[in-house]
Amino acid sequence: MASAASPMRKLLNRPEQVVTESLAGLAAAHGDLLRYEPASQIVVRVDAPLPGKVALVSGGGSGHEPLHAGYVGRGMLDAACPGAVFTSPVPDQVLAATRAVHGGAGVVHVVKNYTGDVMNFRLAAEEAADDGIEVASVLIDDDVAVRDSLYTAGRRGVGATVLAEKIAGAAADRGHDLAAVAGFARRVNQRARSFGVALSSCVPPAAGRPLFDLPEGQMEVGIGIHGEPGRRRALLGSAGEIAGLLVGAVLEDLAPRAGSEVLAFVNGMGGTPQLELYLLYGEVERRLRAAGLRCARNLVGSYITSLEMAGASLTVLVLDDELTALWDAPVHTPALRWGV
Amino acid sequence: MASAASPMRKLLNRPEQVVTESLAGLAAAHGDLLRYEPASQIVVRVDAPLPGKVALVSGGGSGHEPLHAGYVGRGMLDAACPGAVFTSPVPDQVLAATRAVHGGAGVVHVVKNYTGDVMNFRLAAEEAADDGIEVASVLIDDDVAVRDSLYTAGRRGVGATVLAEKIAGAAADRGHDLAAVAGFARRVNQRARSFGVALSSCVPPAAGRPLFDLPEGQMEVGIGIHGEPGRRRALLGSAGEIAGLLVGAVLEDLAPRAGSEVLAFVNGMGGTPQLELYLLYGEVERRLRAAGLRCARNLVGSYITSLEMAGASLTVLVLDDELTALWDAPVHTPALRWGV
Amino acid sequence: MPAVVERAMDAGTIATWMALSDAAFRAERDHLVQLDAAVGDGDHGTTMARGFDAVVRALAAEAGAPPGRLLTLAGQTLVSTMGGASGPLWGTALRRAGRALGDGPGFEAPQLVRALEAALAGVVELGGARLGDKTMVDALAPAVAALQGAVERGEPLAAALRAATAAAEEGVRATVPMQARKGRASYLGERSVGHQDAGATSAALVIRALEQAVDR
Amino acid sequence: MPAVVERAMDAGTIATWMALSDAAFRAERDHLVQLDAAVGDGDHGTTMARGFDAVVRALAAEAGAPPGRLLTLAGQTLVSTMGGASGPLWGTALRRAGRALGDGPGFEAPQLVRALEAALAGVVELGGARLGDKTMVDALAPAVAALQGAVERGEPLAAALRAATAAAEEGVRATVPMQARKGRASYLGERSVGHQDAGATSAALVIRALEQAVDR
């Protein structure tokens, strides 16, 4: 290994190539599901466009893998537009993706509520409309750590994004029309809330050092997925205490009816291994049960991440029969697969 | 959070409860697939024993999740015996698991080649034989970093374990007999080789600090899955250089015929995110192709880990039609699922 | 008004402005990353540098185009290459400025004022930020006001632009004690106080680059 | 041979031995973890501590059992609670020793020697390690040899056990320059040189606990 020492503990070549090279690797591994178009930096379902099917496009900064490119395939996204690490994609990507997947039935844009994502997707949607493509944009803003007020950019889109893409993707797969598919994504967003904690910072490749210093024994409470510090810093609690914090924050805002069936999604931020995530799930499930909720479905793993950050988030989605059926419907993507 | 500061960036309650609490969480999340028996600390397929089906039991120290408990379910393991973190299970666990899953057609023990695993499984197999249960033990030792000689404990079992459990599990699911199922696991081991690098150390919960110090900009080459240092330390190379190292080490020992179809398994050690793993896969796939091999199948993700260690390993399995068909066969476990 | 004879500005002025901006973002990239890392996501420096690098390349292929056209093209290039919040905001700013300059081969101080006013209006319209929200507006708005005032008072353009730069940099410093109400830093609530805004810092760099471009 | 009158050893001796071993592993747990971390996987201290803690509990429920039976039970308990390489090795060692002691209510020095010889033989048979492989054998074998020699020479048992402890500790030190040929440290090849073996360190603790138990 003759190359100069890198200040990062990362497998990469040059920081500015991380995203494109990773996407090329993804396509090499999953050529049966998707293709990568380097010119426009988008990932497209291999059989797109599907005539008559509503198409789903999502995207955002990279560094949240498997979100979004890992969800391209049958029953979920038709295309993903990955920006640079933690940087929203440009409108050109979104427009290229929208054109590539439009099968005549319109395109849903699943947009996480960040200033950059919203503006870049809006510019693309306007251009797509000029092309005569009907676009329905769905904004995801499920993070209860941020108050939606005049004094913030509004709630962030986090864990609910994965659930909305899965459920709306299934609806599109079943032949629902544009309004209905967008409606399911919005319903997921309305019925889901999230909250997360970080136990470490993360190192964006271009920055080359951690975004913040977090001493051992402390945690950031109320984080997003961009390696930013949280709303406050606290002493690192036990898994039980953290589960209490997550469940408390989510339920206070969601206020589900007692007896509700929920989907509990315990998500790792990238650097927290399964051993811990399942331990946390056990603590969360017990507390949700104690609150009178039934975890009818669950998802445990690192599905929407912040590079290699240690930490976890909880998303709770209040199910109904339609949402449950769409959740259970077949999905075949690099990162989520069942029923096929 | 009133609790005392923990020196670790981990979600846990007390270090000595990590394993049992995580297993309880796993069972809470996947009650449709498996159950956790706390008294004997084993995880058993929910519908075990299956009369007439050869059963598969594996196990080892914890800290390698999803290995092994995450592979319990249809088409893979019938039971898993997780020891303490990085500590082989005790014979009582293995015996309890063997008894719990024996459906009259015998039990395959998939044993990674570590002194402790070998001895504890052997003691259990002897007791099972006293019970009249036919046990076929298969030793996995695919790590080319260790030379199999009088001067070592022999090659370690690493990535090939996952492939052997999947493929032998499918063979059992198809109704093959004990000798045949064990034979498939051995065939996988014979035709697979692995090599890994670490970009960071890891912190066993009971130790509370990293097993070794690895300065930024360096890597450990030729590591196993127990957080141990590797054969040597080197400057951290680029992903391309590391891919060259991994592919070189594996192919030198495996010496596959040109034109062979292979399964390329790029495995994360726990703390390396997908962004990097797919980037590495792209580099690996290109080099395997250049070596005249065709990556007919692949697996990319953190499937056999060393807690939250950063790093990756490559396993290459030379396929044949039978192995490919068994790899493709339906599997439904917490960590691997397709075809169902 | 004193009649100061000024050198007319033209396409070369725009090209120089963009080249000097590019050089500034190259030099300040890591500093901007650090500023954004403290209360945001650490990409701002890379994003700005990527955008202006692309602008310089794009403009190099446009020899002979009028200044307004160059500025519009610069804005389009920023939108297409930056991403993030800054991409649409800066892209809109330069596009609006370019359109305000029109199709003529040259422009003078009052046109430049109108162009920068249009840029600021575009940013405010798209992003909705007001003075005090701890954004690029906190540097851009005082700079435009200072320029406009100085030009109206008939000061030489070089002096007016010096005043604009000073106002921008004063605006940057003023962001430190602010609590963010727009952009990613607003997620931090009170924890955003005490940090200099990255986007405002970039705005001051762009104004200073303009001052230097006109001064040449 | 000089006829030294020694206090006969009994079940209490075994119970005390195990209790002192337990205390030693509690005290040395972190040190053993560190030793194992350097060239292994860092679990050795926890594993030994867990095993001997379980032994003390198990023996507490066995009041009235003969010493050989207690030692056998201790070995079984280690097998069932430790895991890792050390579990079967230490479990076998104590089981073999227990069987060698037989069913009598007491035992004397020669029986103790035979018991420890049986323990060592069991470890070697199961693990296949030889002297110089950098394992627990490098402490256990010299200790057993020293004890056997001293007892054969008719030295008082307390002195013989002091010699055994000294030999064990000398054996531990001797592991430092060795390159491991067994166990996890062997994976490191030459990098295993320069580190003290954790398993040998544990063996010396067990021998010292025996010395102290007999001395009481």
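Per-chain numbering from 1; labels A, B, C and D assigned in written order.
Convention: a contact is a pair of C-beta atoms (placed from the backbone, for glycine too) under 8 Å apart; a residue touches a chain by one contact, two chains touch by 3 or more.
Keep in mind that this is a model prediction, so the values were computed, not measured.
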Approximate Å spacing (C-alpha centroids) for the pair chain A, chain B: 28
Whole-Å gap separating chain A and chain D, where each centre is the average of the chain's CA atoms: 55
Whole-Å gap separating chain C and chain D, where each centre is the average of the chain's CA atoms: 76
Length of the line joining the C-alpha centres of chain A and chain C, rounded to whole Å: 33
Chain contact topology (line, ring, star, complete or other): line
Those chain pairs that satisfy the touch definition: A-B, A-C, B-D
Chain B residues touching chain D - in the complex, by the definition given at the top: 61, 83-92, 114-116, 119-120, 123, 145-146, 150-153, 156, 204, 206-207, 211-212, 224, 226-232
List of chain A residues in touch with chain B within their complex: 1-14, 18-19, 21-26, 28-29, 62-63, 65-66, 70, 199-200, 216-219, 234-242, 245, 270-283, 285-286, 295, 298, 300, 302, 305, 307-308, 310, 312, 335, 337-340
Chain D residues touching chain B - in the complex, by the definition given at the top: 33-34, 37-43, 46-47, 50, 79-89, 126-127, 179, 181-184, 186-189, 191
